[in-house]
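What follows is a set of structures for review.
Both complexes shown next keep chain A, but they swap its partner, so chain B is in the first and chain C is in the second.
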Partner chain A sequence: MDSVLLRIGWRNLWRNPRRTAITALAIAVGMIMLAFVLSLMAGMKRDLINQGTQLMLGQVQIHKRDYRPDRSIFDTVPLDGRALADQLLDRDDIFGAAPRVSAFGLVSSGDKSLGAEIVGMDRDAESQVTTLGRKLEAGDLPGRGERTIAVGRSLANTLGVSPGSELILLTQAADGSLGNDLYTVSGIFRTGLEMVDGGMVVLDLGVAQELLALEAGRIHEIALRSTSPARAMEVAAAIEQSLGVEDISVAPWQELAPQLAGWVAMSDSWMWIMYLIVFVLAAISVLNTMLMAVFERLREFGVMAAVGMQPRTIITMVLAEVISLALVSLLVATILGAPLVHWITNSGIDLSATTDGISMSGTVVDPVIRGAWAPAEFAVAAGLLVVCAALAGLYPATRAARTDPARLTRGEIR
Partner chain B sequence: MSLAMAFRLGWRNLWRHPRRTLLTALAFSLGVFLLIISLGLGDGMHEKMIETGVRVGSGHVVIEPADARSTVDELHYLSADTAAAAERLLHQADLREMVRGVAPRLLASGLLSSANNSTGVQVVGAVPDRERGVTLLPEKIVEGTFLEETGRTPSTVIGSALANKLGVGLGSKVVLMTQAGSEIQSQLLRVRGIFSTGMEDVDLRLVSMRIEDLQLAIQRDGAVSHLAIFLDGSERTEEVRRLVAQRIERGFDGDPPSVLSWQEAMPELAQFIVIDDAGNYLFNGVLLFMVALGVLNTILMAVLERRREFSLLLAIGMRPFEIAAMVMAESFLLTGVGTIVGLVLGWSLHAYWAIHGLDFSGAMDQGLSVAGVSVDPIVYSYLYPGRIRWTLIFVAILGFAASLYPAVRAARTAPSEATQG
Partner chain C sequence: MRALIGLLLALALGAGIVAAEPSAPVMDDRAKEIVDRVDQIMRGDSSVARLTMEIQSKHWKRTLEAKAWSKGTERALILIVKPVKETGTATLKAEDNIWNYLPKVERVIKIPSSMMMGSWMGSHFTNDDLVKESRMIRDYTITTSFEGERDGTDVWEFTLIPLEDAAVVWGKVVLEVRQGDYMPTWQNYYDEDGELVRTLRFGAYKEMDGRLVPTEMEVRPVDQPDEYTRVLYQSLDFDVALDDGFFSLRNLRGLRAD
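On to the complex of A and B.
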């Protein structure tokens, strides 16, 4: 494009500064809203995945192939589980490996009892993978070898227990007997997930294995923490390959929590709907403004055509004006929008007055909703705006180029 | 100049630039259209979630023992007498009209085992006739019946996920271990029905049996945990809750049971709806603001290019406020046309989706849940009463705000401009 035409386009834009300013503002408001929503969605996506994987899930889990979804206590990993966990820690891409056993049982205190999941975990290994250990309201998770138990807040409420109280666990053990034992409550956790707070109790791994009549090497799952949730699929595939045991499955969080992956996929499709709406409205604004600008200057285009300017050149000139308008809108959007995105990223919207966290598909959404900088999405949005404006400008530009110089000389155009 | 005159002039002025007018009206109608359908889909989704939540939970309104939620020292039950008295109150004519059904339930928690596996469950003791047609489980039976058959062994219905986990089918025996008085007792049950709701939590954790069998198993003769009251839709929840609470307070001496709405019984779901609505309002507000700027732009352009005309009108004796009225009439008509078109289109699509539903299953193949309630992938559009009225008020205010500045500008045109050429 000729730089002279660009300059003319730019100058033409400012022949009616008020109109340009209003149009640019309308488009900028749409772009700011878009950036705001994109940032919020990126932030929520990040938080959902982090919360979902950090609380209990881990980014990758290892099981015996048949273990999920029935979780039978007989289906233990067909290798020495504790040794396998230690061995995995030698890998460069694994920062934590937590072996666990799990079973269902009846938890009783006095004349009250509840069915709950009993999870045996190693406190130190677990702290490298999940954040359950940081969700304690009182006390702590059971330490290695301690015959104590940690329970969720709602389970503690229902049974009326507090740290120091005693609980009886009753469960089916792997040798066919009824496992039955007495434990002191060591801590109470509160995660916000009713399934966990009201339906899970935690024992030390070794103590739980004793209750379930499982030998020290027999475990049900190993939860892993890798570099980032985004790499979980690769890491899972690599581990499965390096283990090379047919009967072991290594699954990333997307497979373990399909509902969580479903939310992420849905927020991505919602994003495209947002793009569509904002750009259709922006295109109408551009079209309207440019039509006005072209029709009030028909005389000028007629003169240009009369002195020999090519229609193609006139089109280029009008398009230069349109693209300048889009760029000015982007500039306004950046100047006004950056502080907004900065605010939503750093401070977030605090909804704790309305809620203390909502569980969505097995994950707790934090009451403070924060955004994230999403450079790729912002760039796509900016690029789409320019393309969209250029498309909307095509019709006014061709109209301008088709001005008939003869009509000008006949005085039909004022 | 009369108001009718202002509108006639305004209408003619609009059509001096049909293309510009149509484009602006199009943008405005698009905004109104999006507002209507997003409200319809939002309300439709929320109403469906509420319905699913209350039908799988404790009803739109629930009568439960006082303090059931605040103290934890004891399990709370309504005695048989209290439950019967409360039910009699619900049979009064004015309430019967609004209430679709009342279901007494007894809740217990226990461990359900088969030969293969065992798991913790929530047991709901129910009266089958009272559940049918109102709650979700009888509708979602995929094998067998909902507690219709009886036999020597008490019947139970379980979820499909639970049946898989325990490795049991229709006719299998399972053992329920639960607290009975001060000790733990085992009760043999026979599976006579399997349901599948699509909600993982429900299909894996919920078990239903006849209320009299459960009363016997936990040794609580005649006890009821709550009375679930079901309405035809969620709108009249508060009205019914208030009425029932009044009657109960008058009808009981001493300790009356408490009456809760679904919002109080399921606070997490209620909060989600408030937040989701707020997000929708924000989105629609910004969208319409963008559209209103478009209207401002168009009207302002129209005003600025007609300065000569306005000054001429002033010169021949028209008063400034009359010119302002004319410009505002113009903008009112412009937004009015846009609103009507948007409303008609939006309402039509809403009416279509209200019957046929909009299928989101492509975007959410895994099934989603919020606050323990599944989100149905097919959303039936629904508008709460008053939505259209508030939309119109909001749009009118926006249109008015967008026309103010151009109107003032037009009225302040100097009469000398015309004479100066």
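On to the complex of A and C.
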């Protein structure tokens, strides 16, 4: 395509500015619709995975192979767990490693008591992996070596405790003895998950190990944060291979929370259906506008053919026009769409007026729906619409180019 | 001839129908009496016992020394004497409730109903066992499922099916009692699907405070054949004067073995 044709194509656009404006706007609106939907899709998927993994799960977890699902207190990771967590932090793909112990026990205050999961965690390490430390309504998680305890909101309500109250824990320790001790409530967390808020208490890792009669190196779990949840599978496989210990299992979140992975897969597929519907709508509007715009000019093409323009040249000229038009549309779409996508990714759609958070298969769903930037998907969507526009324009142009110019100029072909 | 065969057939079928008619669980009064008597031998109106408990689990083995007091079916108190780390830990049972006193934190904890199936002091007995131990007659329909000689001894075997409204975790309990001296020999616990879940063996029959009693009890979970809890009685005194106030939360604190 030579530059003369490109220039002609560009000039042709402005010969009928109103027609061009309408067509460009139709294509731009299609692009914006697709970008909006794509941004929402990417954002919802990101939020679903983040909310599912950030609270307690982490992206990857390390256990003794038989630990799940029975979670026996004796099945500790067969290496020095704290040293292993430190050592994993040296890897480029690991940003946080949180060692934990966990056991079931009785939490008691006054004459009220109930069963709960006792989790021992290192507050500093945990803050690099999960967001539990940011879910505190009052106080804080127990710091290193502190003989304090953090409890969930509903458990605190049931037992009638607040920060400063004393709680007794009673559990079966690893040496067979009755582990029991008294702790001061340091903080109250609220995650929105009843399982956590009503059934979990948090101790400092070392303090929990003392209660459970476990030596400092014996831990049940290391939760890891990697570069992104999407890479969890390969990171898990790489760590398992590098450790090379048969009895240690390294599992990505998809394996640890299959219901979450299922949700992600399901929302993925229905989002693609929604995307397809929006795409077809956008494509039809672009096709329609473009067809009209080119059919309107059949007589013009007839004149060109009559003065000796080759059919191929006519087609090339129309293509040049379409490309120019696409560039204009893209500009319009960017100018109009960028603020919209910016708004959906930053502010989002706030549904908190209708609900104060829903929990769905073990994850809390944020009442604010936010989008995400997905440049590659945006480009593909825009490209596909340009192709649609080109096809819609080329079809009448090709017909015009191949028909007898005399009939065209007489307006016999419509 | 054909008529005769027809008649015989009809009779046979009739008899079959009568025999196949499901026998409603009729309370076997004699069985009930015997089970009650066995229970009574073991408990007396009140009792004081010195015992050791050997617990063998897959991961550890430990021995507890304890002193236990009981009155009637509804009150009992158990005080851990050894190991030293747990000296003073005590359990009070009063009717359906269980409290543990923890000397380390100087607090009493009531065991919630959701934890009743949890292990008592790490043993293979549950908190529920302490509550339900002497409720056999009240909670079960008792029938004699075997009567006669086994291994040279005349025994009865009783099958206990829980009453519909009884809060019982077992689907069935079967126990064997020696006819000669009313000594229990074993007791098997089945779940609701009829699977054997755990076994209890009695042994070392000795006279204590004028009564013949089994001084050894061993419970084994069926799914962990290497694990067991063995209770050995060093002494048993019956019909000791204990007032109800003895079995109180106040008395649970600072209780002494002597």
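Convention: the second predicted complex is superposed on the first by the 272 of 414 C-alpha atoms of A that agree within 3 Å, B and C clash if a C-alpha of one lies under 4 Å from a C-alpha of the other, contacts with A are read in each partner's own complex, and residues count from 1 in each chain.
As a working rule, a contact is a pair of C-beta atoms (placed from the backbone, for glycine too) under 8 Å apart; a residue touches a chain by one contact, two chains touch by 3 or more.
None of these values were measured; they are calculated from a predicted model.
Chemist: A:R71 in the overlay: touching chain B, chain C, both, or neither? Say first, second, both or neither.
Modeler: first
Chemist: Using the superposition on chain A described above, determine whether A:L170 touches chain B (first), chain C (second), both, or neither.
Modeler: It touches chain B and chain C both.
Chemist: Looking at A:Q61 after the superposition, I want to know if it touches chain B, chain C, both of them or none. Which is it: first, second, both, neither?
Modeler: The answer is neither, since A:Q61 touches no partner chain.
Chemist: Output check: A:L182 vs chain B and chain C. Expected answer is one of first, second, both, neither. What do you get?
Modeler: So A:L182 only meets chain C here.
Chemist: For A:L281, using the defined touch cut-off, is the partner it touches chain B, chain C, both, or neither? Pick first, second, both or neither.
Modeler: first
Chemist: Looking at the overlay, what does A:T20 touch: chain B (first), chain C (second), both, or neither?
Modeler: After superposition on chain A, A:T20 lies in contact with neither partner.
Chemist: When the two structures are laid over each other on chain A, which of chain B and chain C touches more residues of chain A?
Modeler: B
Chemist: A:T289 contacts which: chain B (first), chain C (second), both, neither?
Modeler: The first partner, chain B, only.
Chemist: Which residues of chain A are in contact with chain B in one complex and with chain C in the other?
Modeler: 106, 108, 111-115, 170, 172
Chemist: What does chain A use to touch chain B in their complex?
Modeler: Interface residues on the chain A side: 18-19, 22-23, 25-26, 29-30, 33, 37, 69-73, 104-106, 108, 110-117, 157-160, 170-172, 194-195, 199, 258-259, 261-263, 265-266, 269-270, 277-278, 280-281, 284-285, 287-289, 291-292, 296, 351, 354-355, 358-362.
Chemist: Please give the residue numbers of chain A that touch chain C in the complex, ascending.
Modeler: Chain A reaches chain C through residues 74, 106, 108, 111-115, 168, 170, 172, 174-178, 180-182.
Chemist: Please give the residue numbers of chain C that touch chain A in the complex, ascending.
Modeler: Residue list for chain C touching chain A: 55, 57-62, 83, 85-86, 89, 100, 102, 104-105, 107, 109-112, 114-115, 118-119, 121-122.
Chemist: Provide the residue numbers of chain B that touch chain A in the complex, in ascending order.
Modeler: 19-20, 23-24, 26-27, 30-31, 34, 72-73, 75, 109-113, 116-122, 161, 164-165, 167, 177-179, 181-184, 200-201, 205, 268, 271-272, 274-275, 283, 286-287, 289-291, 293-294, 296-298, 300-301, 304-305, 360, 363-372
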